[in-house]
Structures are given as structure tokens and as C-alpha cells.
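As written, the chain order gives the labels A, B, C and D, with residue 1 at the start of each chain.
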Amino acid sequence: MQSLTRLMNTTLTLQMPSRMPAAGVALQQLRGKTKVVEKPKPGAGQQFRRIVHFPEEYTVEPLKITHLAGRDPVSGRLVAKGIGGGIKQQYRWVKWLRDGPTEGAQEELVLEVLRDGCRTANVALVAVGDELKYILATENMKAGDILKTSRLIPRIPVRPNEGDAYPLGALPVGTRIHCLEKNPGQMCHLIHAAGTFGTILRKFDDKVVVQLPSKREFAFQRTCMATVGRLSNPDHNKEHVGSAQRMREMGNRPRSGLWKRKEGKHGRKIRRLPPMTTISPPAPPKEEAIKLTLPL
Amino acid sequence: MSTRWYPIYQRGNPQLRVFLPNFWMKLIRPTEEQPPNVVTFSVSMEMTKYDVRSYLEKIYKLPVVDVRTRIALGETKKDQTYGYITKKDDVKLAYVTLPREESFVFPDFFSEKAEKQAKEEKSLDESKEGFRRFLDRNKKRPGTPGWFSI
Amino acid sequence: MRLTKTLCAQHIGWHFKKHWLVQGKRVPKETGAVAELLKLGVQVKNPEDLLNGKVERKIVDIVGTRVNTIPEDSSHPDWHSTVCHSYSDNNVLIGGLPQAQVLTNCIEIQTFPKQIEDVIASQQLPNSIDKSIRHAILASHVLDAEQVKLPKVRLPERPAFNLPRSYGISHERVNRLLVNKLLHETEKLAGRSVSIRRKLIDNATFKTSINKDGDLLGFSINAEKVIFANRAIEAVKGKFEGDLPDLYPMKTTISIPKHHIYQTDNFYPLRTDISCSHPHTIFTVFNKNLVKNAHGSGVTTSQLQARTLIKAFVVAAARARQLHGDSVEGALPKPIVVQSVQTDGRTFHFGVLQLNTLDLSANNPSKNYWFHRQNYDLFSECSYEAGRTHLTNYNGDVFRIFNAFYNN
Amino acid sequence: MLKLSLVNQLRSTYKRCLAGQSLQANVADSEYSAQPVYPEIQDPSFKARKQRDAADWHEEIRQVPTVEEKLIKINIPRYYGYKVVDFNDSKIPYNALPLTQHYTRTVLEDLPPLPGSQVVDQGDQPKPSEDASFKTVREDVIEALEFAHDYYKHQEKLPNSAQPSAVEREQILTQIIVEQLNRALLQALSEDHKHLDEVEVDYNPRHEAFWAVGGVDPPKNVINSKKGREWQKDMANESVDRLVQYTGTPYLSLRHRRQLSPWKTTAESENIELSKQIPRFKHDPRTLGYSTKHQHATNVPGYWPKGNEQNFGLLSFQSRAHLQLRPKSYGESDLQEALHSLAIKSSYAWLLAQANYNGFNTYNELTYPMNTQTVITNGREWSFYEYQLNTLLLHGKYQEDNPRVNFCRGTKPLPLYAEISTNGKCVDFNDATLRQLLNFYANVPSIQRSNEEQQPYVASDISAYENPEQRDFIAKTFKYLASNRPRHLELPEVYLWEKLYKIDNNNRAMEAKRRFFTLDVNPWRRTLDQHDKVYVPRAIRGKSRENRYKKTYYP
């Protein structure tokens, strides 16, 4: 087999694609023929719970969703167990990019704080200019609040209010933040769950160290935008499901009963937190692999 | 008349030389009582109301007022030996309304024949009856010849 | 079976296949060949284009094919490069009445014009009128025999419930009957001398488009009932002062959808030389199942009142454009007064708009006037339960205002 | 001891019977009569028994106290609704007039010309005051017409995503014209004619009526089934009743507190000779192009019972837009007949529905005549009809025996104007048509009857019932039936494979018998009250096990 690989590598000046960690290959036996179905592995940020039908342009209209019931939308195969059913919710498209001027600040008006069925935190409808958008609502946000957004990093840290968005470098140490950019320009996709927040611990060089809700510390670039405050609906994690039927209404199916909290491979282990990690710049986009066909 | 639809060419001889029209209409006796100005046809499945109307108007110069069509389910029959079920083809029926002054009575060609048949059946029944009476009479005197009577 | 060589033999083809699954996917190494070739002036093409080139299919024109819908892109005949803020019946101004005021350059006066106030205070109605109005309400809300499927009802606290579909009188019909019956009663009171000078029309459309501070605003609205009169309503005497509200940080055009496909023509449903062509009063129906905020929330009182104002404004502007030509800008030679009533069958909002100027820019010193009062409930509940009709908290003031508006 | 006394008692009774004494002799002496009174001798034949059963049922319906309950009572025999001939205002097949006359027992006559027009013909001048008022009305109407056309012309110019069909276009224009004209005429005439102040105007009301018609040939399956039974063979071809359901939506209808006065006397309406002359259409209505459907019997004159005082129809404006869909080959004369037929069935149905709210129905005969006026229009052409309803009994033997007939008289379509010119002016306005219309509006409804006389078979009103549960039940059941919504259970259906392999040919003899046709159950015979009762949750009812289900109050 190894010789075969070597042979192929010499004849074709091609480079092996690193195997996608999330993609698994399932062989399904057809009658006399093997059909290869590629399906992703669970995890990696994909929920397999629903797809949202996004329009081409940003809109504040509640969007329609389609339930996936744990299936991969490409192959249609079951990937995640225990998902299915539930009340059909409407999705509110949150505008993740809080873009502000590099000089001065842009002011925005909160019109309404709404409940979104597809996420745990509340969303706030915000008006600026002739644009309407949703952002995640903070704990004490209410209609009529004025929010500020700026990309300016002053010499002395600003005194921010809840809901304002600033670069990490502009915020004082100890500030609670959410909706954090991993790298500058990369949509704010950290810290979204209800009641969570990150804390700015210290600053060094051009990095700012933030403790994320998982208690791990990461060093981000100081130009990463973050929104100030703790996310709304802080009692979400204390709320009881209440009944099995409520669980079904939430779109979860009965669990297998195999998982044990205190024992086994997946059970609890108490370990030290890993040391602070510096966020590396985003990897360059991967070259697309050519799929060669060979009728075997 | 449809011009698009021809029998599929088959190789070899003899070749098909007679082309029957694929639009046809058959006058049939209505199963239920109808107003006298309504005529019932069995028509080819491909014909529409408009086809039936133009067929009668253009070829037979009939004053057609209205045409209604329906598709009647073919009869089914159970095979006596093996018990499988066969079904006749469905037929399209066209009810053609003529002007109200017109009236059409379906001709009764076979009334004489039916009468004759009825008569024959009657005489057959009578002779059967006679034979039965004869048997009844002789039931209680076994062994006696038929001609013997008091 | 014995562990023989035959048993342990493995099918090499299977291994080839498994191997190929992995090895068949390759990322081409950048060899620099493309750059070299381009340097030599050789054309480089993507192999995909050569192998699976796109085949243009010709559309054959066959009799009976459906006409293709025109794609909604720049090839559309009504496509413009400048964007238009198009307000239609189902849009809601998110800023409510203040936004509508800024949009139409109106100052708010929280009473009716003096002549209407006088009529409301002084009119003599017969004693039997309340009985007739109660009957009209019941006849349109409960006693009409229409039975159609009503919109689905959802319980917010029980989102999983599918309640049985109820049948009844549709919202459109309830309002049509109610307005018609109230007008019938009013006309009986007014007599022929007044009612001959009025004409009624159902479902009239009005369209107009206006430039405001560089933004193009297009309006297309429908009024469920319109009263036309043979003489225009007199302008309100007196001058009114006031400031437009401040919307900062919102712009006035917020929440009005933007479109590239639009028509900018003016539409008024009657020609000018017909006897009753002056707009008098418009009745519009508010249906909470159809009219919602863009983000799905219900309509607030202020937004509802804004809707009354905008509808009146569009009617007045369309009339002004029809009278004075499409190019009319700035102050009108004679102000146009339109009365506007909005109802959802239970709540009524009355208002009077005086259109002084079509120049809507923020720094225009002359303003339009919007006279209105708060909403009135005609009743609190009207229903048919257990074989009996119920009409509670009937409010007779609504008909008095209604009557005064008709006779103005 | 007890037994012995019982035996003694019986013995004494027996002795008295032997002596020819009445059993209640000791109760009341008035039971005695000089002449012996025997119960009526009843015909024991099958047909007579059937007729008696039917008459008993009709009597039961008559005894039911309220209007709503009467309709529920009529509907009780069928859970899924009756199989009815679909009579509506949008479909009139070729040669429909004889059938319409048979199904409504109507004699058709010409409307006599107006007295006013004769005066003009003779050259005499009408009264100047009348002339002046007519002139103002004429001006108002012309103005209204021009206004309506101008508005419609503008409306048509609007870019509309869904292009309306020709029928819809006519309906839209006519609705505008009729509403404008009605308003103009009510205003202009209400000063002289005070009754117009009291009219109630219905916009696109819902008119529905249900009735039974006798004298129709039985369908093939009935004949076959009867021929299969020896004792029914002779009755195989006897005529049967057909149920008819009318559904229509006029543009406008006017109602009034009082009734219009009849124009045929009782003597004229009771004429057995005339009733024999009415054309009969014995064939199945489907042979003419009518269709059938399953639905509950509904009688709706546009509003709910006891809705208001305006219980009697004055005038209705019917649409003729759907006549456009009839092929040209039907001819001009048939169009004329179709208009007559439309007028007859819409007038009959509306009057029947009104009569129903006064306690009468197709099984309980009217006690006084009812009248209405009908206008069929497309805005330009107007046909005028007057209708007098004398009888509702059309079913069974009444088809032959009933001496009463209904009357309809009408005109040809008269043009109101020739056209509207391009500059929006009305050309060739026809005064005669307007006079006819004015005459309909000016026809004063004058008859007012006492409550007992007007509603002899109505004893009560549901709002007067003490029990709120009963009121609620009756109101809900009535609305449910009258709303034409599908029944809660799906209609029973035989799949085609079942017809082929289980019904027509018995190929699955060993299969478990679970479907209704294998169990020999006719689901169409299911009655309205054969349903599970509504369960009352324990939280509401408390701990008692007695009232676990809601009571039903079927009449």
C-alpha cells in the first residue's frame, strides 16, 4: 500500500489534502456496489438543528427556518443524535459587525428588546440613520437607550456604558465584555450565550488578555471590537426545563441514557486550566481539492 | 382530427397500409333517462369537448349546443378458473346537447329479435313446466309407465 | 471454517477503492507554470470551462406557453439606479407619529379645527340615533351571515397549541359594513341637501412620489372608503406654530423599504372636471394581521396614528399634483384639506390634514397642519355568546365626531 | 299478599272490560259519548306508512319552538350533510327554465307596463311635481353613472399583478354602479317615500336556501335496488324527492320591517289547473348539467335569525356576470330564459330563507304570501322581476296535489344607457328603465302582521331560554351547520382498489372485516347526534363522575 502511495505521489505532482477533521466517510452497501457518502462529524460549531433561509440583503424581518433534526443538510444523513421536532421559531438576523468611525463615536438608538426563539440571549432592535438592525441585548438594556460605537483607541481608556462597542485597547482593565472579535474584522463570534461575559484581565504589548466564560485566558489584538456589558437573560442557566414535553417543544428528543456524569470515559475530571493562549491570525483559505475520478 | 399521432414504425413486412382515424365517435344507448335533445356518444379517449363539437359540426353539420364529457370506469370481471381480476378499458362518454326543438330517440333495431327470443323462451319454459308436472304426477307410483293413467 | 489461506485472502480491489477514496482528492501544487506561460504570451484556460462548458439553451416559442415573469433586476423596465423609499399599505413607520410628522413636514395640533369642534359641541342628534348605531355595530360585527375561515389564532403562552380554526365574518367585511352603515345613518340625518354633494367610493388607490432632502419617496396607498365632495373643504383659519420633533439618531426614511423597481407617476382615481372630485374624508382599515412592523412586532398607538396621517397626506399630495401638475413644488396656491379616519372596527382615530406646501425639506419655514385627537373606542366588547348579543361600553361620542366630519 | 291484591285488581279490570266498560271509566265520565268514536282507520300499505312517517316528522319539525332548532332538526338525519343539487347563481345550463319552474313551482308572466309610461304614450302630461322630482332623480342617476364609470376607468389603468377575468371585471363595475345608484335613489326618494328611511342595506349578503322537490325520476341505483326486491318491484319507477340547495350572493339587497303587498289574490294562487300546467322536468338534474354535492341544509337570507326587525326583503340586485361564460351556441332566446331562471331561483330562495326565519320551511307550509322584487343587472342592461311566494310544499305528493303556485313576472333586459362616451358623458339615457327602477323603490311595504300571525310556528327565541348551556349549544350547533365548514370527521371514502377487489369482486374473503362496506354499515346514514360527547375536564367539573360529558340539546 505504501508503495502505491509513493507511486501516485511521484507520477502526480499533487499535494495531499489534509483530511478534514469534521468529515467522515460512511460506506453504505448497496446491492453489489458500495456507495460512498461523506458526512461531517458532529461538533465543529455546527448544530445540525436548523438552517435559516437568509435573504441576499440584511433584513430585520423574522426569517423562516427549516428544522434539520440532526441531519447533515448536504448528504441528508443523521449526524447528531437527540435532535428533532420542536416548535417552529423565527430567526432574527443579528448584525454581528459593529462598525464605527475611527474618529468620534456613532450613536445608535435602542427601539425594542425582543425575545428570539433561536438563541438564548435577547436581541435588541437598534436604529441608526435609515438602517434598522438587531444586536444582542445586554443585561440592563431597554428601549430608548443610546449606544455608542467607535474604533478609536485613545491614550487613556474610555469610560464605557453598557452596550457600547469599542476596540479592546480602548477599554479599561476589568471591563465585562461580550460579542468579541477573534481577529480584527472577523465577525464578533465569541461570547453570545445568555448571561455570559468575558473580562479584560491585563494588557501587554499590543495584546489584551481576556478571560472567556470558560475561564480560559486568551490574548487578543487590541484592535478587536467588543461590546461592553453582560448579556441579557442571566437566569437562563438556572431555568428548569420543567417537563419532558417542554424538552420536546425545545426540539430535543429523549436521551439514550448511556451517558454517566460521574464515571466512564466522558465523565468528570478536574484538571488545571491550560495557560494563556495567544490568538493566532486566521489561517489563509485552503486551496480547493480536485476530486479525481477513477471507475474502480 | 389529430395529425400528430401515428402508429410507430415497425421494421419488416407487411407494412401497415390502412390508417384508421384516431378520432372516432360511437353513438350509444344512454343508460339513464335523458331529455330528448341529449345524445350520448362513446368517443376516443384523446378527444376533448371541443373536438367532439367540431367533429359533429364540421363533418355531420349538426347544430351542437353544448358538450359535456366524462370518463366511465371499465367493468371488472373475476376469472372463473383462476380468480384473477380483469378490467375492461375505461371509456369516454360525451353527452351532446342539441337545440331544444330537436329530439333523438335511439333506434331499437333488435326489438323483433328480442320478442322472438322471448317467445321461444316462453315455449321452452312451458314444455319444461309440462315435464315437471308429468314427473310430479308420476312421483307416487314408481314403476308405472308414463302412458298409464286413469 | 478452517483458517486456510483461502479464508484469509483479501480482495485487493477493495483496498484499491479505499485507498482511492483518500488519494483521489488532490490539491494541485503551485508550480509557477501559469505565470511562465502568461509571460510567454500563451493563453491559460481553466480545464473546467473546456470540459464542462456552458451550453446555452434556446427557448423555442410555442403557442400556449406561459409568459415568463420579468426578473426583478436591472433588466426590469421599471428599474432605476436611484433608490426609492416606497411606502405602501402594509408598511409601518417605526418612529410613529413624530417620524410621520417630519416626513410630511406637519406640525401636530391636538384638537380638531375650530369649525369641527363647534359642530361636535353644538350638533343636535335625535334620541333614537344611539339605538340605530348600536344596531349598526351589531349588524356588522355579529349578525352578518358571512362565514369564512378566520386567521389562525396562537396563544403566546402556549406556542405548541393548534387551536381549532374558527369561522366568522372576515375583518375586511366587518369594517366595510360598519363604515357603510355608519355613513348610511349619517346621510339619513344630513338629508339630501348635504348628501347630494358627496360621493362614496370603495377601495380607491392613491399614488404619488415626492423628493425630500435628496431622498425619493414613493407612496402608494389604498383607502377602503373615500368621500368625495363637490367643493373642497375650506382651509382652516388662523396660523399655527410649532416645531417638528427631533428623530436623532434616526433618519426620517427609516423602516420605509427601499426599492429599485418603481414608478413615479401620480395617481388620483377621478378626473378633475367631474362633479364630485374633491377629496373630503378617507376611511382606512387597520388589520393587525396584515399590518405589522418590519420586525414582526405589533403596531403601537403612535404608529397607528402615523398611518392615519400618511394616508391623508398621500391623498392630499396626489390631489395637489393632479390639480397643479406634476412639477408643483413648494407652497400650494390654495391649501388642500383632507379628513382621515382610521378604524379597526373598534378603535377610531380621526384627523384632519391641511396641506400647505409640498416642499418637505427640514428647513422649510412653512409647515403643514395635522389636527387630531387621541383614539376613541366605539365599544369595549361586541360579541355573540350563548345565543345572546353583547355590546358593552358603547361610546356615543364616536358617532358625533363621525357626523361632524361628514357634514364639514 | 301483595301479589294476591294485584291479581284481584287485574281480575276486576278484566271483568269491566268484558262488560264493555272503558278502563278510565272511573276517572272521567266525559269520556263517554253517545256515538262511539273509533280511531281513524289507517292504510297499512308500505307507501302509506312511509307517508305517515314523513308527515309525523314534518309535524315534529313544526312543533320545535325556535328557528335555529328547526334547522338543526331538519339536519339531524345526516351527519355528513344531505346530497343536494347544487343550485347557485353562477351556473345556468342550457334550457334551464322548465327545471327551474318545476323546482320552484312557479308560473312565469310578463310584468305589466307601468301606468306612468302609458300616460306618456297617450300624450298626456304627467303631474308637474312628479315630473320635476323625476328630473332631479334622473340627473342624480346620470351623475352617479358617470362618476362610477370614471372611477372604474381610472382603476383599470392601475398596474395589477393579477389581471381580473371578464366576469370579475363586470362584477367590479356593476358593484360600483349598483351601490352608486342605490345611494342616489335612496337620497332622492326618501323625502317622498318615508319607508326608504327604514330600509336596511345588505352588501353582498349570503343568500342560501334548502328545499325538497318531488316528481323526479329515481336514479338508476334506486331502481336497481328496488327491482331486486320482489315486493318493491312495482314501486321501482315511482318518483322520488330531490333536495336542492341554493347559494347566491347578490350585489345588494334591501330589507324592511314590513312586507310588500301581494299582487295575486288567494283565489288566483290556488288553482289546481294552473299548477298542472307548470312545466315538469322529470329527469335527473345532472342530465342538464347541474352537479350534486354533500352539505347541510342551510337557510340564510343574509343575516342571523332574530338579527333585527328588518325581516322582509324589498329588493335585491343580482349579478348576471357568469352568463358571460355560457357558450355563444346557446343562443339569444336561451339567454333570455336563463335570466328568467336566475330571477326565479334567486327570488324563491331568498323568500324561502326569509320564510324560514318566520318558522316556515320546505316541510311546513306558509300561512301568508310573501313578495319580493329582483333586479338582474350588468350595469347597462336591467331586467326587473316581481315574485310572489305562495307555497313551499313541493315535495312528495304535494307536487301533484298542492293547488297553490308561486308567481313571477318580469321584463326583458332594458338598457339604462347606450354607452359612456370617451369624454365620460352618458349617451342615450333610457327614462323608461329608470322609471321601472323608481317604481320598485317606491313600492311601499305596507303589510304588518301580529307576531302570532307572522310566526305561527315559532314559540320561542333561544335568547329566552333559561339554561345558558342549552343556549350556547344551540347557537354553536346552528352556526356550525350554517357555516358550510367541512365536518370534523372526513367523509367516508372507498378507495379504488377496494372497489375493485372487495366490493365489485370478492377477492379478499379472508381479510378482516373492518371497513364500513364489509361491516354492512352505511356511513351516510349516520345521524347528526351520533358523535362522542364533549369531555369536561376534572378541573372544571370537580370530583363527581356524573357530569363527565357535556349534555347535548338536539331538538
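Here is the rule we use: a contact is a pair of C-beta atoms (placed from the backbone, for glycine too) under 8 Å apart; a residue touches a chain by one contact, two chains touch by 3 or more.
Note that this is a predicted model, so its numbers are computed, not measured.
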Chains in contact with subunit A and with subunit B: which ones?
none
Which one chain sits nearest the middle, judging by mean Cα positions?
C
Check C-D against B-D and say which one is joined by more contacting C-beta pairs.
C-D
Using CA atom averages as chain centres, what separation in Å is found between subunit B and subunit D?
42
Per the C-alpha centroid definition, the whole-Å distance linking subunit B and subunit C comes out as 65
Can you give the whole-Å distance between the Cα centres of subunit A and subunit D?
66
Hey, what residues on subunit C touch two or more of the other chains?
none
Tell me the shape of the graph of touching chains, choosing from line, ring, star, complete and other.
line
Every chain pair meeting the contact rule
A-C, B-D, C-D
Going by the contact rule set out above, which residues of subunit C touch subunit A in the complex?
13, 15-17, 19-29, 31, 94, 159-160, 248-256, 294-297
Subunit A to subunit C touching residues, read off their complex:
1, 4-5, 8, 12-17, 19, 25, 34, 36, 59-62, 87, 90, 92, 106-109, 111-112, 114, 125, 127-132, 134, 146, 249, 286-294, 296
Tell me, which parts of subunit C touch subunit D in their complex?
135, 138-139, 142-147, 149, 167, 176-177, 180-181, 184, 187-188, 191-192, 195-196, 199-202, 204-205, 263, 267-271, 274-276, 384-388
Per the contact definition, I'd like the list of subunit B residues that touch subunit D in the complex.
31-35, 37-38, 63-66, 68, 76-78, 83, 85, 87, 95, 97, 99-100
Touch list for subunit D against partner subunit C, complex
140, 143-144, 146-147, 150-151, 154-155, 157-159, 176, 179-180, 183, 187-188, 190-191, 197, 200-201, 203, 205-206, 300-304, 307-308, 424, 462-463, 465, 468, 471-472, 474-475, 479, 482-485
